[in-house]
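Two complexes are shown next, each including subunit A; its partner changes from subunit B in the first to subunit C in the second.
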Partner chain A sequence: MILPGFEYRKAASVAEAIAFYNDFQGKARYLAGGTDLMPLLKYRLSTPAAVVDLKGIQELGAISADHGWLTIGANVTLFDLKNDPVVKEYFPVLCQSLEATSCETLQMRGTIGGNLLQDTRCIEYNKTMEWRTARGFCLKMGGETCNVVPHSRICLSNYCSDNALSLIALSAEVSLAGPEGDKTTGLEKIFSGCGSRVFALGPGEILTRIRIPMEKSRGVYEKLRVRNSIDYPLAAVAVAMRQNGARVCVGGVGPAPRVYDLTGTDAGSVRDGAQKAYTDARAVPNSTLSPTYRRKMVRALFRRAVNKILSEGK
Partner chain B sequence: MRRIVCTFVVNGVTRELLVETNALLSEVLQDDLGLKGVHVGCGTGDCGACTVLVDGLPVLSCSTLAVTVRGKEITTVEGMANGTKLHPLQESFIEHGALQCGYCTPGMLLASKRLLEINPSPSRQDIKDALAGHLCRCTGYNKIVDAVMAAAEGEE
Partner chain C sequence: MDDDLRVVGKRVAAVDAYQKVTGTAEYCTNISLPGMLVGKVLRSPHAHARVVKVDGSKAEVLSGVKAIVTHQDVPRKVFTYNVMTYQLPQGELQDMHLFDHKARYIGDPVAAVAAVNEEIANEALRLIDVEYEPLPAVFTVDEAVKPGAPVVHDFAENNTPVPPTPVFCYGQDVEELFKEADAIAEGTFSTSKQIQAGLEPACSVAHFHDGRLTVWSQIQLPHMARKMLAYLFDLPESKVRLIQPFAGTGFGAGTDLCCEPYACALAIKAGAPVKVLYSRSEDFANRITREHICKIEMKIGVRKDGAPLALKAKYTGDAGAYMCKAASGCGVALASNITEYKFESMYQEIEAIYTNHVACGAMRGFGGVQSSFARESLIDEVCEKIGMDPIEFRLKYHRNVGELGWFPTTQISSCGLDECLRAGAETIGWYEKKALPKNGVRRRGLGVACMAWLSGAQPMLLEHSNAILKFNEDGGCSLFVSPGNMGQGILGTLAQIAAEVLGLEYRDINLIYGDTDLTGFDIGTHASRGLYCIGRAVKKAAEDARAQILERASAILDAPADQLDIKDRKVFVKNEPERSALLSQISNACIYDYQKGCRQIVAHATVDPAEFAPPWQAGFAEVEVDTQTGVVEVIRWITVHDVGRAINPQVVEGQLEGGTAQGIGFALYEDTQIIHGKLLTDGFDKYRIPSMLDLPEHETVLVEQGDPTGPFGAKSVGESGLFLQVPAIANAIYDAVGVRIRDLPMSPERILKALKEKTAP
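Coming up: the complex of A and B.
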């Protein structure tokens, strides 16, 4: 597929990238690994006037551990992060979700920042321009109605990052830099909850760093998929257990991950937590498996993941 | 749309080209440099057929802007053989019948080459992991894994 025309700028610093963004009056897209953006451009799901390349920003390519935090630059590739000794030792849930992301070839290209800020997916959305024109544009494309759930006022496309779930379970924070200044916020707070505008980020904001509290954890990542590589999660659950309790994050269903803090790890609490996740999951027929099955699998994966950690700890 | 002067080291030869800002690496390699061994399958990063090595790392050339890999060393399947002498992996693929239609083969060979460079004695699972992003609709994969195993054993 041939790409649409656009200008190209390579930024050497975060400030320069934001300046390029402003030069094009906000009609620019940031490019890191490109594994999510390039197909969107090819399908004309995004038609920017310019692409601003962030890969040249050296300061975003490092992993460092200090002051009780592990700080990961947004340009670190999934493959390098997966093989980082600290991640292996401290955050097994992140290691597992990185392993479950796509395949090694794409892990070597895709960055952690890009993985977190990937667009949501829907069986009616990730299609060619011709297909979508014939079908009629949906809410996410600026149309009047949802093509999956007629009369729905909100887009329920699926957020498919594996690693956002494990990072949220690990209480990770993200640093954002933008024309309005810098800020740090909990990763779970960057989601808008609406699939047509996935992130509650300001225009031109760049995710620069992710930081995780350096505390040893036990963790399990469970993913529902039809192949054992390449595919996106159809439902997924990440659990991180630390001294003060377990945090569970459910994703792959709907436009934002959901977080559950488990107060206890007895059978009753786990069952109640899983039931709550099942009740909250709003699965609609927008992926390759039936919504009923995916919803039931949220509950099953929730219990499976927590019980796996509990049985390992014995 | 602007054109940018780009230098690539393609299969050991330095090439200087005028590249459009929206040109894909696969387009530059195929159309401008005539390297038809770069096979584009899905065009969206699912199949792995278009894989080339950029500075030794496998990269999907159909999903990479050519301007983003300026100045880098690019290896395509044409760069694997030494003159008329095939690379041991290529010999092994022929020996084991690891290709039928041959469309996925350049990607398989280059990803395997990278694997053997970092891990000279891989297990079958290591090979499967490294080739997970490469689809083959002919062989059923077993013969490809056999061929890479045999090449690894031969090199030891």
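Coming up: the complex of A and C.
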């Protein structure tokens, strides 16, 4: 499959990247590792006039621990992050989700910023143009209705970042820079909740950094997938436990992660939390596994992840 | 076994290894000819529709478009992708037309274009105006046979080209024997429509020049493909040349034509070379898949001591839109049951039904993989009922030398299954582990299964092979053979056979292959025949060449030919080894003989074998089942295989280990999901095959006792690798958690559901 034609610009700074974006009147896509963007371009699921490469922005390539935060530049590769000693020592859940992301070859290419801002996936969306034309365009392609759930007016394609779940469980924040200025917000707040427009970001905004409060945690990441070697999650649960309680983040099902703060760690609270996650999970037939099964697995993995931490602590 | 061998039995590097690892090997995909055009196929978006009109006039005038072909441009002929039709005197059912008036599956070709580049070719496809009259479509065999179901082919009543037909039955009435049985097990099994999933997508290049059609193809059966293409385009066979470069796919996909007819039609019309290369999604959705035996109903009965009484089975093939190999797949499923165990009687039927899916052809383990699943699962079940260890049953009741082969009149020529079972049981720790208690969230289990396959489908099918050896003046020689060449390692193995007979080194044999203009006729590669059949031809030709060399040497060394031997490129008198002549000296004298005695050493051998030499195998699985998620992890896999003789053990192990991966994929997750005739799993991200990292600890143990009919005692190994993962894993799952899974893939969801049903009151 060949790439469509587009203009290519390589930015040396965040400001220059935003300027390029403006040059093309917003018809530009940012490129980091490219592991998510390239297939989208080849499938013509994205047809930008320009691709603005962020890989040359040196300042986004560092990891630093100071002022009570671990700050991670968006250009840091998943592989480097996975091998960072502070991440290993302080944030085991992140270490596990990084390890569970794709395969090492792609971990060396993909960046943490790109991983968080990856597009949602659906078995009827990530297809060739010929396939989609024959099937008819769905909501996410600008059509009238969902192809998976007839008559549905909302797209429930799956957000498949493993690391967003662990970062949210760790109460991570993200810094955004855009034509309208800079801001910092909780990672869980950047999602729109709608699969056809996944992120509630302003036009041209760039995710520049992620920061996690420097507090040691215990953590477990549980992921349902067909093959352990490479696949996207079909349901996943991240749990981080700190002194003041456990935060659970559920993903892989639907367009946005869901957060659950556990008030207690007794069997009843864990069961109730898992049941709530099961009730909330909006699984639809948009992957190779059935929605019923994926929902059940949200509950099973939730309990498994929390109980694993609890038993480790004993 | 004769252990005085110098080349056979050695782990030599595959002849094509260097080319492949350095990226210089040539595949259809990277062939580039001057002026070559890009060919693209226009496909029906409807699962079933009449093609009312195809108008290419707008596309024709697009700059860069060189040819458009529709049904008007090709001779209207009934044909089939299944070139194996020529292996039977009466042929197999042919039911296709190039660009037919009706589209019968989503993707059925309607027209094709050739243009100077891919973008223009794609644009031209969009400009072709096709008027369809959509028809109701049918997607399951149960729906297809209902009264009033849409008619896929007019000639096939009830969409049933092959109504239930008994084949190769023997013994008395099975129903009477079931009455005598002390234990009976029966069940209905279903399998998914496995995709061969080669690394190289379908690709073909065609060039029509000077009245000759040259076709580069991934086909495993080059000579029969030539015959079909010659017929299709009204050319004599001699005017068609089929070249098979290295193929990055195979696994049976190359036993049927794919994009060749479209490349040919375009090349003939354009008068320029044309390459047709399918995209991954096009390849998965349009290359005909594994023979799809969608349903197996099987029943077996045994006495309380295990003695096998009767086996009854019915195989239903979902043919898809065209027959190709649906019926033969069911037929082989049936035949492969005959040899394994000493059943007193067998009654088996096949049936094939048309639907509006892509047609199905063949994949490694043709039919046998599916019947092994049913048979070996049910054997496990009766063993439990009569309280017999599954290994003991198999040791006691498998067939042996001289007993029934698959095909009437054939007999088993060798059998090493006892050794396979014993070696495997010991390696995996069968008896110790079986005794362990099962508890906890993750539970472990062990499973075993057995099979007897074939080494070529003779005498049922024509399995004609030729080999030619030609000596050069330096004592080296060229070996002309024509197997399908898809990375299985056959070429080097054939060279080892020739080198052994001729006293040469492995690298002294220069291989000429993959070109119908250069080599003798060969059926090619299917039914695990390559080494056994072509190997026999090579050995025979080498023996002839050897006799010619010795005859010539006899004059030079002044000793009778029968007292001479060849070793290390030297001919010598057996009891006076110092009396010798270099092979190069003899060979040179045959070519440059100024005394009017020129006669180059050229040997040709034809074989058309009739013997049945089954390879036997036992497969052992250890699995761990997660009772909360239903996820099955294969902890360990062991293949123990009676290959007769491993000509190159490294190649044999490679074949078996590749099969292990395919078998585990088929067992646990390869799942062709289709909705309304549309393939959902049309890429490696959705149709998941195991990667190297997904493989469990696995081992291959070879049993080599020699077969009296095979070259140096060798039997086949081509397909054997992927038969037993499905039944052995199914049996191991039962051992671990007590549920029998009868549908493939054995997904976590199916296992969880079965666990729930088991515990439900």
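By definition in this document, the second predicted complex is superposed on the first by the 314 of 314 C-alpha atoms of A that agree within 3 Å, B and C clash if a C-alpha of one lies under 4 Å from a C-alpha of the other, contacts with A are read in each partner's own complex, and residues count from 1 in each chain.
FYI, a residue touches a chain if its C-beta (ideal position, glycine included) is under 8 Å from a C-beta of that chain, and two chains touch if they have at least 3 such contacts.
Just so it is clear, the model here is predicted, and its values are computed rather than measured.
K.L.:
Quick check for you: in the superposed arrangement, does A:288 touch first (subunit B), second (subunit C), both or neither?
P.N.:
Second partner only, subunit C.
K.L.:
With the two complexes superposed on chain A, say which partner A:297 touches: subunit B (first), subunit C (second), both, or neither.
P.N.:
A:297: touches subunit C, not subunit B.
K.L.:
Looking at the overlay, does A:226 come into contact with subunit B only (first), subunit C only (second), both, or neither?
P.N.:
Only subunit C is touched by A:226; subunit B is not.
K.L.:
Could you look at A:35 and tell me whether it touches subunit B, subunit C, both or neither (first, second, both, neither)?
P.N.:
First partner only.
K.L.:
For A:128, decide between first (touching subunit B), second (touching subunit C), both and neither.
P.N.:
After superposition on chain A, A:128 lies in contact with subunit C alone.
K.L.:
Which partner does A:103 reach: the first (subunit B), the second (subunit C), both, or neither?
P.N.:
The answer is both, since A:103 touches subunit B and subunit C.
K.L.:
With both complexes superposed on chain A, which partner does A:203 reach: first (subunit B), second (subunit C), both or neither?
P.N.:
It touches nothing on subunit B or subunit C.
K.L.:
Given the touch rule stated above, what does A:6 touch, subunit B (first), subunit C (second), both, or neither?
P.N.:
The answer is first: A:6 touches subunit B but not subunit C.
K.L.:
Thinking of the overlay built on chain A, is A:186 touched by subunit B (first), by subunit C (second), by both, or by neither?
P.N.:
Touch partners of A:186: none, neither subunit B nor subunit C.
K.L.:
Go through subunit A and flag every residue that touches subunit B in one model and subunit C in the other.
P.N.:
1-2, 103, 228-230
K.L.:
Under the touch definition given earlier, write down the residues of subunit B that touch subunit A in their complex.
P.N.:
Checking each residue of subunit B against subunit A gives 1-2, 4, 21-24, 27, 43-46, 48, 51, 57-60, 63-65, 67-68, 111, 129-130, 132-134.
K.L.:
Mind pulling up the subunit C residues that touch subunit A in the complex?
P.N.:
For this pair, the touching residues of subunit C are 43, 45, 106, 118-119, 279-282, 628-629, 669, 671, 673, 678, 680-682, 685-686, 688, 690-694, 747-749, 752.
K.L.:
Enumerate the contact residues on subunit A facing subunit C in the complex.
P.N.:
So the residues of subunit A in touch with subunit C come to 1-2, 103, 123-124, 126-128, 130-131, 133-135, 224, 226-231, 288-290, 292-293, 296-297, 300-301, 304.
K.L.:
For subunit A, which residues are in contact with subunit B within the complex?
P.N.:
By the definition above, subunit A touches subunit B via 1-8, 10, 31, 34-35, 38-39, 42-43, 51, 53, 55, 102-106, 108-109, 228-230.
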